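Got a structure for you, written out below as structure tokens; questions coming shortly.
Which chain is which? They are A, B, C and D, in the order written, and residues in each are numbered from 1.
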């Protein structure tokens, strides 16, 4: 839909999925060239879904030129160079591998896959394809998170020693909340541990470094839930909530916890990092803010400062509004697409790549194994291929 | 640019101005039909500005089909039914009156005018025109503010007794910040008192009711500033900062303060309302939250609660994302345009109308007079026409 | 009750009043030498009150060696060198003047007096006496407030431009709250404007400097209240709530507001100071914290920092507990008594002296006059004596 | 030092230790009868320490009638009925057992002992003695924590599912902080895991219930530190920081973390409890507040509320000041001593008793064993005696 500036190339996009994530991604393609000087400019060629009436309606509403009801047809289109996979987790591997084999660039929603094996196959396909690939871990591109990364990189926190993170929501609190695909092992993979936990693991990898080993615990508090059809109940076959300890390769200690059964927490993705020289804390519910403490301030005037990350000096913010005028959740997808387009121009997959997605998956997988083994599990080796995950 | 659903009407929009406000309004027209079922759907026909190269470039970037460099030409266009005035304050009166006389609907940026006389003429033109008019006081349409209004209306706060509000920013703190049109009386009107203060007065009128009388004080802390050209300095001829007391018609007491010279405050538009049964507090820097206290909770578990205003039950939020996923500054304009389009469909001007804008102007005007008179000034009568402002 | 170290002098204390303030002052005398190296050490000689049974019981409970039921008798005692007046406001003048004429040192609760004339007479008596005098504005001695003062003095905030302060409570919110002496003009003086407002004015004088002129507004929302006896109601003859604007001698602008009818606010004494280089904010409900912003941090990492004022480097804190271990309300009285004892040793009245109390009274008085005059009133001259308040 | 009301009994107290804890306990004995109607009233008979000059000086300053330099002598005194052990952790067992054998009541600082075996011997001695025993886990008696307990007990949170707690400080952050007894295994036991962790475990036991099994990780970031003498360095032989997962007997999941190397955290003892109907959060740095969310509020006005726990309706607060006037760290010891004295009157050991202390120790011990075993360790059985800890 974007009016292409004369001197910029265009890239045709095909998007699979039009629910929550499909809406957020569509918005990103519509908005990115309005606020950032991207090149190529995305052309919203086709939305893809199986239900024709629904996908046609969604395409119109979300701003797509056309639609497809058949994924193979989408891949055959010459005017589509970038495939965006925002469908359910159990479709990622199949769709991504096919897109890569068709020579497309691929953006895939997180978590990358529902199993380590799937993730490995996706990485291999990406290597063979040589096109640009990226996992949509959008929270890396919250300006405050980006600022956190810069402070870590600049050494402002010193040597990192502690990571603690939770992702708490309340959408499963109601025992009448239905048994969706997310709560069945065969479709939802590791459940909230993967859905919410992959966000935390990706951020930990991004901000602290590789996780070496983990041990976890998990629980399902509401074991039977009504089926979406409503007339019967079924068993929840994923863990609803989980917590785990982690050791990072650099010696830092980490704690992680996810639960969608927490009264009062809506999108409380919180992390804190403590180093030898400073600390950082972030809460997604106040995503325009970063809490920072620098030890060298000394005790007299030292204190956690609340940085309102809305200055033009802050990552991505020059594209938006004057200082103090905040952005919201959807903007993180705009930033992701911006960096993806920059990557396509440069011919380089922007982080997190599929390999990063596999590393993330390896941690989730190790946590799941630790539940059964009741002991620490190393994430260092890909248990399928035998190669180290870090050395992929 | 919006793909119009088959069963909905279209309305052609012409926008004047393409800087900060022009960008925010353009975004609203682009986005509104993506998230809300509006009817008519806006068609972004033409952007208007005097510098052809600049306006052409802006039109392309912001998503307008075309552009005009002459305001009269814009008004002559049959395919434009709604004029949006986002240009500098000293153009509002002329542009709005002309648009109304041309039979257009008009959305005008705040403050409505640079003087009470201008505002009165705009109201008169609006009455004669019979089209829909609205002032873009976008903060009325922050979901948290809308929730505050509902709680007040439902009587949850009881009888309102106290209003206190500040709008503090830091963009004039640097003594080298240039002497823009906003800091000259002839172009900037009452300066920050009008620019920031009109936001607070509009919210006070909306949430508490009509202001009866006021007394203020004001100061200019940096009296000489560099001209935008940079080689010389000029005198600041507006008050940089101001504070005033107010008595509301319903007996409540109010305090107001505006200053763009406050270190650390970026967009700290804060208001608090205290009634006989409860209290409410809001801070624009955390615009997804509302602080609320209900007296009937009793002392044992009573406390200010932080409502994260992101539930589908909350005003406007059903159109956006799941609970906890926040929205940003620009969304307030989307909501404003949504309600404007609903008003156009219904043939009714949505509040704040030009008359509301005049009432707001009457308060700013009274504050300014109180500076010279050093005593209380009533806002009850329009000093130009003699009629009561409340009874317009 | 204090065990006097061998090398320290003792000073006999007589305290008038044993309710809220009497309890807080008694605690200060009991505790001060346990935590600070004071010299002289207070000896809690006698508590004074008219009801013998009550005062005897209170003396035992609060740790006084004995008691008196007659104020003259207290003043005659040779073993009492320091008189502490914690009785109702309408007794301050008489008691203080008598104590000073008897050659005693005097600590007087705030507000100093119920009228400007009384305050003037107290200052004159203090001058004649030559003993040490002090007003118990205890909030000057919150460590965070003391830290604020140091930052202002060190120039860390630059030139001060804005002061805004509120003191909000809820104890009068209930319309059945009884008509105590505080709500009758003849005993309660200016009511909450004096009771709460004098705290704010004293802090403003301490932190920003002399107030030059003021204009205020006030209201009584509940005009009839039950008499303490309970069987009838009586008229509230003070203003329950008030707000006023102020101009400081140094050019800063101030806003003040007091109300004990605010749902959810218990002891919300909040002030904020903005200078050309930084800002400070304080809330009594979180009295161990100071919010500070330094402009020179720049936008990249700048933000309001929350200083936990519990380090040994912070004012008064070396006497208490390790960092992070907070103190409470009563500690401010211990600090006040510590500084009073230091003043007695040095032969110098510590601020706020009775003269400071008179200056404070002059502001309250000017606000009250502005209510009738409906215009600005100067505080610069003592309207009784004709001399400038600042030049007393 | 307390003036005993005529109708109340007295109990003679002997206190061992006069540093941080000794000062805090002394204050509690001085203050308790001033604010609460205790019976018996404590008489501060003797302070005990080995260095005569130091203990004499401390006794005078802290308000003790006399002192002893020999612990046996203290136990022989007929006028001492209550022994308070505030000395270093490696003395607790010997001192407590001796005191109990001498027929004294005993209050012992936490953690109860340096090993599980010591703790067991203390419990056995307590059983034989039949006097009153108590562990000074003072944070149980923060009014906000007590309120949390009441809300849990009343079922306001529903079924408890999640506990997460951290105790973060910064006193070991400086690599030049000396190698005190706390950092040597032989004197400091489990180090910060015991020192800080026992606070968290005790609160978890109090608020959620018995912990069934644990697994932890730990690290020492600064391995060599200067000896207190200053001329050489020595090895840190305890873990500086630790984190562990826990399963409660009732099915809840818990996470715990302690570290004294966290920049910006001074006494950040934070816990959060999530149940099926509500959530609670507490931070010791803001100890007068409790954050509470009740699910039944519904989404429209639901939100975490900040309860200022200073109302007379709140636990312990009737003894102190009017609403909004906060208390501090030391008050928790006053409350502990109040409840201890009530227990002595009733002939019943108040929780946490020595048995509670042993249960706490069993968890710390299990965490330590899990470090070596790299797997989950049950706390259910006392590994020394073979009996279940819960069934002691």
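Please note the rule applied: contacts are C-beta pairs under 8 Å (C-beta built on N, C-alpha and C of every residue); 3 or more make two chains touch, one makes a residue touch a chain.
Quick caveat: nothing in here was measured; it's all calculated off a predicted structure.
For subunit C, the chain with the farthest CA centroid is A.
Set side by side, the interfaces B-D and C-D show unequal numbers of C-beta pairs in contact, with more at C-D. Centre to centre, using the average C-alpha position, subunit B and subunit D are separated by 55 Å. Subunit D has its Cα centroid 42 Å from the Cα centroid of subunit A. Centre to centre, using the average C-alpha position, subunit C and subunit D are separated by 36 Å. For subunit D, the set of residues touching two or more other chains reads 265, 294, 302-304, 308, 323.
Those residues of subunit B whose C-beta lies close enough to touch subunit D in the complex are 147, 151, 290, 292, 294, 297-308, 311-314, 323. Listing the residues of subunit D that touch subunit C in their complex gives 1-3, 5, 20, 24, 26-27, 30-31, 33-34, 60-63, 169-171, 265-268, 284-288, 308, 310, 320-331. Looking at the complex, you find that subunit D touches subunit A at residues 157, 159, 161-162, 164, 166, 168, 173, 215-219, 221, 241, 243-245, 247, 251, 253, 255, 257, 259, 261-265, 274-279, 293-295, 302-304, 374-376.
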